[in-house]
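Per-chain numbering from 1; labels A, B and C assigned in written order.
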Amino acid sequence: MSAAPARAASSGLLTGSGASERRLPWYHLLVTALASIALAAVVLVLLDSFSIGALVVLGYVLHLVVGYSYARAREGRRWAADRLVTLLVLGAFAVAMIPLVSLLWEVVARGLDKLLNPYPGYFFTHDMAGVVGGMASGGISHAIVGTLLVTLGASIISVPIGLLTSIFLVEYATSGPLRVLGRGITFLVDVMTGIPSIVAGLFGLALFITLTGDPGIRIGLMGSVALSVLMIPTVVRSSEEMLRLVPMELREAAFGLGVPKWLTIVKVVLRTSIAGLTTGVTLAVARVIGETAPLLLTVGALPLMNSHLFDGRMQTLPTFINSQYRSGNAVCNSETVTNPITQMQYACSTTINYDRAWAAALTLILIVMILNIAARLVSRFFAPKLGR
Amino acid sequence: MIARKTTLVPLAALGLTAALALSACGGSDGGTPVSDAGGAEAASANASGKLAGAGASSAESAESAWTQGFTATNPEASVTYDSVGSGAGREQFLNSGVQFAGTDAALTEDEIKQSSEACQGGKAFDVPVYISPIAVVFNLKGVDDLQLSPETIAGIFAGDITTWNDPAIAEDNPDVKLPSTKITPVHRSDSSGTTENFTQYLEKTAPKAWKHGEVEDWPVKGGQSGDGTSGLVSVVEGGDGTIGYADASKAGNLGIAKIKVGDEYVEYSPEAASKAVEDSPRVKGREKGDVVIELDRTLDDPSTYPLVLVSYMALCDTYEDKETADLVKSYASYVVSSQGQKAAGEVAGNAPLSDKLSQDATASIEKIKAKG
Amino acid sequence: MSSSAADPAPSPSQTRAPGAPDAADAPPSGPTGPSRSEDPRRGRAKRRPGDMIFTGLSVGSGLIIFLTLALVAIFLTVRSLPAIRDSREFGGGADAVSLWEFTAPLVFGTVFAAVLALVMAVPVSIGIALFISHFAPRRLATPLGFMIDLLAAVPSVVFGLWGGVWLVPKMQGLYELLNTYLGWIPLFAGPEPEPPMRNLATASIVLAVMILPIITAVSREVFLQTPRLQEEAALALGATRWETIRTVVLPFGRAGVVSASMLGLGRALGETMAVLMVLSPGSSFSLHILEVGQHNTIAANIASQSAEATPDVMARLIFTGLVLFIITFIINALARAIVARSARA
């Protein structure tokens, strides 16, 4: 993160304190912004529809016009366009923050309580054995284990296949018959991105029933296979994009030193693009870890812990969220409900299913967050130390 | 590979905080032991083995009460239920994917014919296991009590009655001050047994106002809808002037209309729903032992609530081996027993099977045998 | 952090040949100028055992994809054959279900929703990606990128829950404004929108939010790979930040952005749960996105109808799945063609 000239100039541009003689100091932007907000407030009061949201939106839109015109008059067309784009880009970012913040807020506000009560960790360390109706107990240890295992299985299948395919497309499919094959595979990967998730589930189901001859088969591995159908194209597309960005000179340099091609790919190409590849794989994992429909069809449902990917039904977080949401309001005919297995009595809550669904959603987001951080650490650790 | 008591040790290694796992070792989970530990008297000899069922999602809460209650008394046995929908459940059952299916509509004649392969040369049959009153739920500011006749309900859902102060509604509710809010009828967007039972009720009780017949998919184009019972309930909750139909146990805080039966307006209750099923005749022409009810929607006894849904359990009369047959037998007997019905009723809010139905179902289940 | 790791080395060799054209013209579709013959990726290296194994592995992976896809395609076709056979168009009676009437509105709804989502998401995504890669202070770039990536992690069920609980009530005011003042635009025309706003507009917004992180993440990564020297050269020539982006960053990243958008479009086309939980479906060709009960998407329809489907209905649903499969392919092929043409230009 050294202060390359471009960077220095960029931060100067953002804050408006650039040294260019024609540039105006940053507070001019603030003045135009305040003027726009004031104008927006006046307009809204006149129209009798004043609200903070409308003020921000209208103020922003007006500032696009006001700020641009002002800069155009004072700084000239080119810098005015620059100002406008800066504003637009900031606006885009702000717009994206609205759903993100509101969504995270909703999930945290509705889900956190269950993660902390009756004591922190209870929800992560118990399963749903004997939990019926509005019983205010139960947890998701089984679903966490199931999700991690099924997703891990899907990644073990998809990442090597996806990565090797993208290597093939970028490094090998450059001439002759391989190039034709490469075009064919690109085409197929494109088609594969269009497989609806539920079809992937149906496919996983049909595949395993055909292979085993047992129409009742429901195992975690089936879920992994169904998910990898969805995951492979994502891995291929994003890795392909990243591999293509590796400068040709790096390869040339390695070849020039007599390094074999495969070693060049492993040591130079992959290492150079490791951050991008990790982002791609993380995104692919994030893409499938929340998939519900394929798992519903392939892994079944189970209220208990099953940590065996190759045998027996499994519960996963998305299917758990789905089934809890679908259970809807619970019935409370009495104050307490008895767990038939442990013979313990628990309070009854009509909203318990929704509470568990939100808490499980929060857990799923936390898991992906942790995976994300881990992936970034990995990529930082393995990435070559370059100049910047 | 299935363990009830688990710790988080492997998970901690997988990246979840070890602190959480540690804290799990101490502290109370808010439960209190039941003083009388004799609640778990086993109804049957301890069964063992694995049993899988699939089908209707309407009965999911009840099925979870049954599977959990059954495994509580038979720790050696494992019973699972995937709520994939009645149609998918029946298909899996007929392909020997599962040993029993939960379904909102009894097996058809064709399906029973097809079943000989799955049933080792025998036949499949149905027993009723789950009776749920369907409530007409509404969300209307300032109105808590509402009474509706079948004609009015049909008019609302067919789109002929469009405002809440319509004379037809006012006639049903002489004591209620009705606002002029627009009525937003909400239906199920997925095909469902609830829709089928609801439209059948409308067709039978208000043939003049409801001309769309008895259907699984909502027949009127356009309009608001929700996916699944919980989806529908959330749409009704989210609007003003909305009205919908849902399993009564899922109605939550919504207002529930009393419907006109005979000359009175009847509030739904499990007892009235049970009685409506009991007073209805059986479907004729079915094999003996195939207990299927022809619901009579036009009962005029005000102690009945004829807007109900009956879910069945589809079973085979012959299973591959004795272990499976015994397990199916003991599970299904538990489900239709008064004990099983009570367990489900407490947590799923469904209506219990009447004694007569329970006995008939038990008699059919007792005939289940192993092949050969 | 990720950016510094991913950035290509500013090696002296870059002064000789800028990486941009090389990376942008994807070999399968790229030009075959004389300079291409010097492409070191062409197998001029000696046949070493390591190379043989590596080639075998990567070709094998490609073939596995081929196999998987063939299996899926066969599965879809075989399972939808009964629906085709019994349809009114092919051999069924006059009162048989018309595949066209069943499928066409779904196709319309699916593509309509996905395109609306893409139209909303792509500009915003490019904006965010540029913000993170070129506008935000470096120290903020990583956490901001991380926040956007978080959005990608939210399961679609949760998007559905959020859309239904939070978004639907919030949209009422905006929709009424659009309908009143911009009602002359066909999109916003139609009767006054009735709450709750479970219409195609809301569903598209949820879809747009869902595909935003995918498009942003890939675009951001691509923008960060813009050759530093080219950018610095532009700036040194007196270009403003925007001019640098317009002349260097965007052309360099165009193929990547299109590719990212296609990934997003693929997800938008196939998204099931969120649409299911936000949209009041219907079956029509209405352009009125504010009207409820007019549209539905293929994936949501499969999910909502398959549970109670009889075998013939199931065949019809799987047929729509096959159609979705084909649509995605056509759209992807178009996108590839666009990328190829812009690379040549």
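Some notes on this structure:
To be clear about the criterion, contacts are C-beta pairs under 8 Å (C-beta built on N, C-alpha and C of every residue); 3 or more make two chains touch, one makes a residue touch a chain.
Bear in mind that the values here come from a model prediction, so they are computed numbers and not experimental data.
Of all chains shown, A has the CA centroid lying nearest to the centroid of every protein CA atom. With A-C and A-B as the two chain pairs, more C-beta contacts join A-C. The most distant chain from chain B, with centres taken as the mean of CA atoms, is C. Once the centre of each chain is set as its mean CA position, chain B and chain C turn out to be 40 Å apart.
Here the spacing of chain A and chain C, counted between their Cα centres, is 14 Å.
Averaging Cα coordinates per chain places chain A and chain B 36 Å apart. Annotation for chain C: residues touching 2 or more other chains are 165, 306.
In chain B, the residues that touch at least two other chains are 57, 84.
Shown for chain A are the residues in touch with two or more other chains, namely 325. Against chain C, the residues of chain B that register as touching in their complex are 57, 84-88, 91, 182, 184, 189-193, 216-217, 221-227, 231, 234-235, 238-240. Across the complex, chain A meets chain B through its residues 117-122, 124-127, 129-137, 141-142, 144-145, 148, 209, 215-216, 218, 296-297, 300-308, 311-313, 323, 325-331, 333-334, 337-347, 350, 367, 370-371, 374. Taken together, the chain C residues at the contact with chain B in this complex read 164-165, 168-169, 194-196, 198, 276-277, 280-284, 291-294, 304-311, 313-314. Listed in rising order, the residues of chain B touching chain A in the complex are 1-4, 6-8, 10-11, 14-16, 19-24, 26-34, 37, 39-40, 52, 57, 60-61, 64-65, 67-69, 71-73, 80-84, 92, 95-98, 228-230, 233, 249-252, 343, 345-349.
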